[in-house]
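Following are the structures in question.
Same chain, two partners: chain A is paired with chain B first, then with chain C.
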Partner chain A sequence: MNFSEYVVSRWDTLSLAAAEHALVVGIAIGVSTAVGIGIGLLTHDLPKVRGLSLAISAAILTVPSLALLTLLIPITGLGWGSTLVALTAYAFLPIIRNTVAGLRGVDAAMVEAGRGMGMGRARVLLKVRLPLAWPLILTGVRVATQMLIGIAAIAAYVDGPGLGTQIFEGLSRLGSVNALNATLAGTLGIVVIAVLFDLFFFAVRQLTIPRGLRVRP
Partner chain B sequence: MTTATLRAGRTRPFGRVSGLRHVITPVILCGVLFALYAWISAQNLDSIESRSLTREFLLAKAVEHVQLTFLATALVVVVAIPLGVVASRARNRLIAPVILTVANLGQAIPCIGLLVLCTFLLGVGFQTALVGLVAYAVLPVLRNTMVGVQQVDPALIEAARGMGMTRGQVLRRVELKLAVPAILAGLRTALVLTVGVATLGAFVAAGGFGELIINGLKLNRMPVTIVGAVLTACIAFFIDWLSGLAEDLLKPRGI
Partner chain C sequence: MFDRDTGGARIELRALTKHYPGQPAPAVDHVDLDIPAGELVVFVGPSGCGKTTTMKMINRLVEPTSGEIRIGGEDVLSLHPDELRRHIGYAIQQVGLFPHQTIGQNIGLVPKLLGWSAARTAERVEELLTLVNLEPSAFHDRYPSQLSGGQQQRVGVARALAADPPVMLMDEPFGATDPITREHLQNEFVKLQKQLRKTIIFVTHDFEEAIKLGDRIAVLRERSHIAQYDTPANILAHPADDYVAGFIGQDATLKRLALLRVGDVECTQQRGSADMPQITSDASLREALDVMLAHGTDRCGSPSGVLTYGALCEAVGTEPASASEPTPASAARKEPVGAGPATALKEAVRR
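What follows is the complex of A and B.
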């Protein structure tokens, strides 16, 4: 059986696994984007808290994924629970850091102008700083998503969902007929998901970046 | 895009208070290791567990893990940094965007998929894991080096040329010196990346702490798994700390 025959004959399994892979990454990135941007908004002006939140999220990212996933087993069990918690935790660093960098990188003159127009601190933050920081924040989310798509493959070892199951199936049946096909299907499927997510973020970027930022000087 | 991506990569949040960070990490690690030792000593281990948690076995796994990490990193440095410098030259202008695109796309290939695919070509064992790790870490380091060398202020290069330096001298004495922070950051990325992925080396029978995790899961012996996971995390933090220290020591003064 060659690769295309394998993909056709296992289409149901593969498409379900791919959908689960995208879903688990999507949920994790959604949660950590909401929480991460929130943390960024709250802490960007407080050097100590900001440093602490960045240090903690950096420390999480230093823990190897297989270790974190297995350490979560006693707490959240095998499967979706551990996968979601680990993926969400890993996504924090790029998102929080880019949010903080974006919010702090806004030209002081812009903030001054907003204040001069009579906006309060909160309004300046939401109406001036956040829109101007948005491109950088979006980049952070994109980078985090690409990273999670790869990590989600490892989650299959703790019974997580997704295309990683195909890779581990190939590994455990090393030498048998469809071992290579299964591994290739898993790996290439993950690359396809990554490209699709990238296209999605490209579209979001085009649609949500304020018009004024797209004008090239 | 490039700078944004780089900014999204690893940096040290503790930048300015690095002195503090250099002390905190080993203290916390010692604490964690001590707690792990105390916890395991208090456990009633059955024969399988006590056989996997002997001092010799753990030491052997640690050596395998560190060997794999440093060998892979050394190879990555030898391959990626010269290539990054070559790619940053003006006459190779056309290659740079290709490398950036491939490096970004390459990140999407899951490391476990890459390792297993390497197994089909090379069989299981240490070499396979080494090849997989190097293939995985080369691109990010190459990209960092290239961007680091390219980011050198053109006015400085102009000044060096005006002082009568040849192109080779400019590269060695100005560009590479100024790119050292970027190159070291790339090296650190490579180390932390490989120490994590080296855990997966156990899947292709390359040893390392990952073996404890996998054995523990397969035999349903949670203490073994937890020891493996905690030790893996500790070694990752230790190597991150070590490379942070090296980064601070090797950085040329005046930058």
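What follows is the complex of A and C.
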């Protein structure tokens, strides 16, 4: 059986695995984006808390994914639970870091002008700093997504959802029937998901970045 | 609030002090100043003398350590800072336009904060764009990055004027533009202020700009101590001390000439001859002197008569001097002729 025959015959399994892969990444990114931007908004102006949140999220990223997933088994069990928790935790660093960098990088003159015209701190944060930081924040989310799509494959070791099962099953019985096809299908499926997510973020970028930041002089 | 009358409100500073924690000396030390309603007062002084800090205490971007600020009799320190700032125009050197908003949205920002209706805001934005010489239909929907530096500065001024505040604070608003644009903006601004009569505090370190724009100038030394507070003409004629004189520079008399118009000087009745260099009556005496020097003569014709070098000297209160042939002030009407006065004139300029 060649590769295309394999894909056609296993279409149901493969498409379900791919959909689950995308879903678990999507949920994890959704949660960590909401929480990460929130943390960034709250801590960008408080040096100590900001440092702490960045240090913790960086520390999480240094834990190997397989180790983290295994450590989570006693707490969140096998499958979706551990996968979601691990993926969400890994996404924090790029999102929080870019949010903080974006918010702090806003030209001081704009903040002063806003304050001088009678905008309160919260209003300056939401109406000036956030829109101006948005392109950088979005880049952080995009980087985090690409990272999670790869890490999600490893979740197969804790019986997690996604295309990882195809890859690791294939690898474990390499040489036998369809082993290579399974590995290839899983890997290519992940590439396709990554490309689709990137297209999605391109669209989001075009739709949400204020026009004034995109126009050419 | 104090802006029931948009035509300008009196500002009083009493023993205004800012002492930053951990610093040996206060940045601003017991400043007392009265700024009459509708006047433009320039704070001029070297960098770090506390002029910007003093200005920022008025809209409380810097909270005073002690002292009192009153605008139109109202105690500023008892008001909510954000609410206060919405009633004080504020323009800064870096302009600080919001790049993600259109020019219209930038100008309409304070009216929106004050809860004006959309229609009223739109009308006001239109009016202001016209006021600062930007065609509303062309600029309303553009973004700051699409404008030149000078155009951005104009939008900055329009934004500060948006809610028609009685008081405006301006921190070197024309500082970041090239000399030609700056002069243009200054001239426009002088005209605008004649029309609006706001109470304006204008911070600069450029004494020329101070003379050009100010109804009064406060020359500040370190810790915002006021070295002299007077009209430009009085400061130039009678600097209070060496510090002020040093700030004016070596050409105080030339600067005073620049403040006076040809039309203000009494000219001799006689009509000038055709070969005499001509000058308009709204040109400054400094320009008239320039014309005389350029033609090597001591007189030039203006619509109101002949302007002589002697009349120039009289206008700034000095006597025309000449080493070879002393010419008394009254000689201006007797019309001294010949090369003598012209040489004296060149000497006078050299001094």
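Here, the second predicted complex is superposed on the first by the 216 of 217 C-alpha atoms of A that agree within 3 Å, B and C clash if a C-alpha of one lies under 4 Å from a C-alpha of the other, contacts with A are read in each partner's own complex, and residues count from 1 in each chain.
Criterion: contacts are C-beta pairs under 8 Å (C-beta built on N, C-alpha and C of every residue); 3 or more make two chains touch, one makes a residue touch a chain.
All of these numbers come straight from a predicted model, not from anything done at the bench.
Superposition note: with chain A as the common reference, chain B and chain C can be accommodated side by side. Contacts of A:98 after superposition: chain B is touched, whereas chain C is not reached.
By the document's definition of touching, of the two partners only chain C reaches A:128; chain B does not.
Contacts of A:23 after superposition: neither chain B nor chain C is touched.
Comparing chain B with chain C, more residues of chain A are touched by B. Touch criterion met: A:136 reaches chain B, while chain C stays clear of it. Legend: residue contacts after superposition of the two complexes on their common chain; A:112 is shown touching chain C, with no touch to chain B. Centred on chain A, the angle reaching out to chain B and chain C in the chain A superposition, using CA centres, is 100 degrees in steps of 10. Once the two complexes are overlaid on the shared chain, A:1 sits clear of chain B and of chain C alike.
In the superposed model, A:203 lies in contact with neither chain B nor chain C. For the pair chain B and chain C, the least inter-chain C-alpha distance in the overlaid model is 19 Å.
Those residues of chain A lying in contact with chain B across their complex are 51, 54-55, 58-59, 61-68, 70-71, 73-74, 94, 97-98, 101, 135-136, 139-140, 143, 146-147, 149-151, 153-154, 157-158, 164, 167-168, 170-171, 174, 179-180, 183-184, 186-187, 190-191, 194-195, 198. On the chain C side of its complex with chain A, the touching residues are 59, 61, 82-87, 90, 92, 94-102, 109-110, 113, 143-146, 159, 169. Put simply, chain B touches chain A in their complex at residues 1, 4-5, 7-14, 17, 104-105, 107-114, 116-117, 119-120, 124, 192, 195-197, 199-200, 203-204, 209-210, 213-214, 216-217, 222, 225-226, 228-230, 232-233, 236-237, 240.
Those residues of chain A whose C-beta lies close enough to touch chain C in the complex are 107, 109-120, 128, 131-132, 210-213, 215-217.
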